[in-house]
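Two complexes come next, and they have one chain in common, subunit A, joined by subunit B in the first and subunit C in the second.
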Partner chain A sequence: MDIYLLEAVINGILLGGVLALLALGLNLIFGVIDVVWICYAELVMCGMYMIFWLHSFFGWPILLASFAAILGVAGLGVLLHLLVISPILESAPINQLLATGGMLFFLQSLATLLFGTDFRNIGLRLPIIELGDIFISYSRLLAFGTALIGAVALYLFLSRTYLGIAMRAIAQDREIMGLMGVDQRRIYLITSAVGGALAGLAACLLVLQYDVHPFIGLSFGPITFMICVLGGLGNMIGGFVAAFVMSQIIAIGGYYFSIEISYVLAFVFFIVLMLIRPQGLLAR
Partner chain B sequence: MLSLRSISAGYGSFRALFDVSLEVAAGEAIGVVGPNGAGKSTLMRVISGMLRASSGELSFEGRSLTRLPAHRIVEAGIAHVPEHRRLFAKLTVEENLRIGAFLPQARRHYAERSEWVYALFPRLLERRRQLAGTLSGGEQQMVAIGRALMSKPKMLLMDEPSAGLAPLVVEQVFALVHRIREEGFTVLIVEQNLRQVLEVVDRAYLLEVGRIRLSGSSAELKDDPTIRQAYMGL
Partner chain C sequence: MKNELTRRLAPLVVATLLLAFVPLATSDYVLHIAIEILLWGFVYTAWSLMGKFGLVSLGHGAFLGIGAYVSPLLWNYAGLTPWLGIPIGVLIAMLLALVIGYPCFRLRVIGHYFALVTLALSQVALLTIVAARDITGGSLGMTPKAVGHSWYALQFPEKPYFYAIALVAWVFGIVVWHFVDIGEGRAALDAIAEDEGAAAAIGIDVMREKLRVTLASAALTAFGGALLSQYFMYVNPDTLSGIGVSLQIVFAAIAGGMYSAFGPTAGGLFTIALPEILRITMGTNFVGAANTIYGALLVIFIIFMPRGIIGWFESRLAAAPARS
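Let's look at the complex of A and B:
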């Protein structure tokens, strides 16, 4: 096998990890609260700015800044739920989409207003690992590893804890949760915090590889939605698998053609698959 | 223990219950019987807080429940086994029981409670890693009852436990109800299956189009001419 193709495949797997993390967060929110956070990638953007400012401007160590950003975005998730989602929980889905879609533009504009449109970089250069002729960026490897740990932690949370089991239950039967002694509003708040924390974690990983600017969300927001729909909205495992399928299409497409064409391929694959299997890849 | 005074309730402009008053003493098993659409399930939903009464008073152990949300009513000690069981089909039997023990006070006793439920329904122990949706109707009813018992309730509401089950399984379910009674729970059970429910309860109320028509001990109701004619076909 061509060594560069192998490198592309490895990079695709590494990219898939972060996308999978984002897809998990979005699916969690959708599965539990039954709302799609269109502005999910913009929360990631906010997290990246948080790390940038705390680290580059206030001089916080990167780990501390990252941790603060995870908490910060978790808080943003809670605010988003309280201020935007909660009042329209019973509204038609289209209204909810418009509201969270509006938040996307609001956050982009707010970031532009506060930080301008400059590309900002935390100026951290992580080494490149050489394995024979293959080059792997350390930051991508770190991102992949952390994303996997995040996914495993989420899995354990959902399968082992009372809260996690309640979150899975609520997706199956909303109405009777009260009979189980579960306060739905509390579960929604916790879910929003967890969803936000996952976006914050993704921000920590992406800020090592990409410059921050107000529109960075657009580079991975749409692809995250495609992944979630491809895996079946709300289906965690489906989203996880779809993230790696999509990232391989992008990586291998990028190798044979160009990175622009690879995104075209990914979208074409998505459209074709939606025609054949509108319920998603892994849906039963 | 539980007392309903002049409860009226409905959905939008449709009224399903008119001035319903009902008393359940500690340790009693009470039946609410009546035909389809009489408002039996609505009554259960009002007691467990899934539906707010439009007027009337609801109290449990001397404490008003009228404005409490459902999760606070479970906390007060009333567990509701909903109509059609409503299990979490994609969770395992064990996970369904865990959800039943969600309240902090119940979590602390999870180990002993689940052991007790498994002793009550040994079949569930064999199936505890199985998805609840794959169980038979009778087994699902056991999970539904077990799940409600996990919250360590003082009182159990059972909404049509025999609905949708085969005749043989219905017998088993009533045997279950009987055992729950023997465990010392106060039980309020809503049923269409009048003949069988009167065998397990002390007293019963007859609900027709949202109003209490008759009430009395099981023996009295069994001998009542209107009941014999309209509901037992005798």
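Let's look at the complex of A and C:
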């Protein structure tokens, strides 16, 4: 096997970890609240700015800044739910999708207004690991590992704790869970906070690899939706698998053609698969 | 039917007569804004043909992009006049709409899923344009070869010419909107939007009705894209295709009111005039201020006025006599 192809495959797997983390948060929100946050990647962008300012401008240690960003984005998630989602919880699903789409515009232009369109970098360069002839970026490896740990932690939370079980139960039957004494409103708020925290975690990992600018959300937002839908909206394991399938298409496509073509291939793959298996990759 | 059509078209005739005098009374700058509003209003109206029947497409960026690029590409590389290039672009957009629409409707991809599949479509269009940078100029965009005032090349440096073209296109869009709204298909499409299974059960050809309105919408959108590129004499993938434009189209149509004939145009007025007004009053120090306000207003519109500006006025007018 070609050594460069192998490198592309490994980088694809590492990219898949971050995409899986993003898809996980979006799927959690969709599964429990039944809403698609079109502005999810913009929340990640907010988190990246938080880390940038706290670390580079106020001089906080990177770990503390990351932790603050996770909390901050979790707070944004709660605000988003309270201000935008809960007033239209009962209206047509497409209106909810559009309202969060409006938030996408709002957050993007607010970031432009506050910070300008400069590309900002936290100036932290992690070493590159050399395995024989293969180069692997340490920040990608870290992102991959953290994403896996995050996924496992979420899995344990959803399967072992009372709150997690209540969240999954609500996803299955909204009406009955109210009668069972589960406070739907509270569960929704907690879900939004957890979904936001996952976006914050993704921000911590992405800020190590990419410069932050107001439109960065557009570079991985669409692919995240495709992954969620491909895995079956709300199906977390499906989303996890789909993230790695998509990232391999992007990595290998990028190796043979160009990066844009690889994304075109990924989107075309998505459209074709949607038409063959509308319920997602792992649908029975 | 005939009376109905007359009653409906009367406001359009009045509006057109009033608008026809605009070039006599204003500066080039105002005329430029007016052309933009009419052309975008035309595109938004085209989108609302589908949108008001619950077919929320986020893929119109793809149709717009095809319309905008095909004719300048043919003009630059093959010397083909836009009189042929534009119809070719429209046909390609319709073909794409058919290729995506047919399987979607066959397999009942609706709601969220339809929105997201079409979203992928508009990303494919954007990325393809960027990837083919050797001929399309990629992210830098491209310029059709300018030849000055020419009917053959459909290029008019003088604004009033293009204003007339934009006005005619816009009137055409509104007439098509009414045509769809009073045609037999309307009741069928309403029934489909309500419950697709039930509509099919009472003998409505769901596939045919949906495809008709989708093809019409895609064709008009591509035509609008072609006119935009002829007017601006510059095409850029980010302003004419992709997720950003797709969302812009959806929001303007909804903010204006997609259930009213003039609604999408009102959305165009709102989305084009507002940034201009804010730019003039606040200066260029606040890049992004206009869009921030715009984004916030959109969210508020969707929460409090789901039928848009015109729809809100209409319901107020309808409620007023009932109260007195």
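Quick note on the criterion: the second predicted complex is superposed on the first by the 284 of 284 C-alpha atoms of A that agree within 3 Å, B and C clash if a C-alpha of one lies under 4 Å from a C-alpha of the other, contacts with A are read in each partner's own complex, and residues count from 1 in each chain.
The rule we apply is simple: a contact is a pair of C-beta atoms (placed from the backbone, for glycine too) under 8 Å apart; a residue touches a chain by one contact, two chains touch by 3 or more.
Keep in mind it's a predicted model, so treat the numbers as computed, not measured.
Of the two partner chains placed around the shared chain by superposition, subunit B is the only one that A:G181 touches, whereas subunit C remains out of contact.
If you count the residues of subunit A touched by subunit B and by subunit C, you find the higher number for C. In the superposition on chain A, contact of A:G145 is made with neither subunit B nor subunit C. In the superposition on chain A, A:A169 makes contact with subunit B only, not with subunit C.
Once the two complexes are laid over each other on the shared chain, residue contacts for A:S258 go to subunit C alone; subunit B is not touched. Applying the stated contact rule after C-alpha superposition, one finds that A:P61 touches neither subunit B nor subunit C.
Across the complex, subunit A is touched by residues 54, 56, 100, 103-104, 107-109, 111-113, 115-117, 119-121, 123-124, 127-128, 130-131, 243-244, 247, 250-251, 254, 286-292, 294-296, 298-299, 301-303, 306 of subunit C. Of all the residues in subunit A, the ones that touch subunit B in their complex are 162, 165-166, 168-169, 172-173, 175-183.
Across the complex, subunit C is touched by residues 36, 84, 87-88, 91, 93-95, 97-99, 101-113, 116-117, 214, 218, 221-222, 225-226, 229, 233, 258, 260-261, 263-264, 267-268, 270-271, 274-275, 278 of subunit A.
Per the touch definition, subunit B reaches subunit A in the complex via residues 48-50, 69-71, 73-75, 79-80, 82, 86, 88-91, 95, 98-103, 106-107, 147-148, 151.
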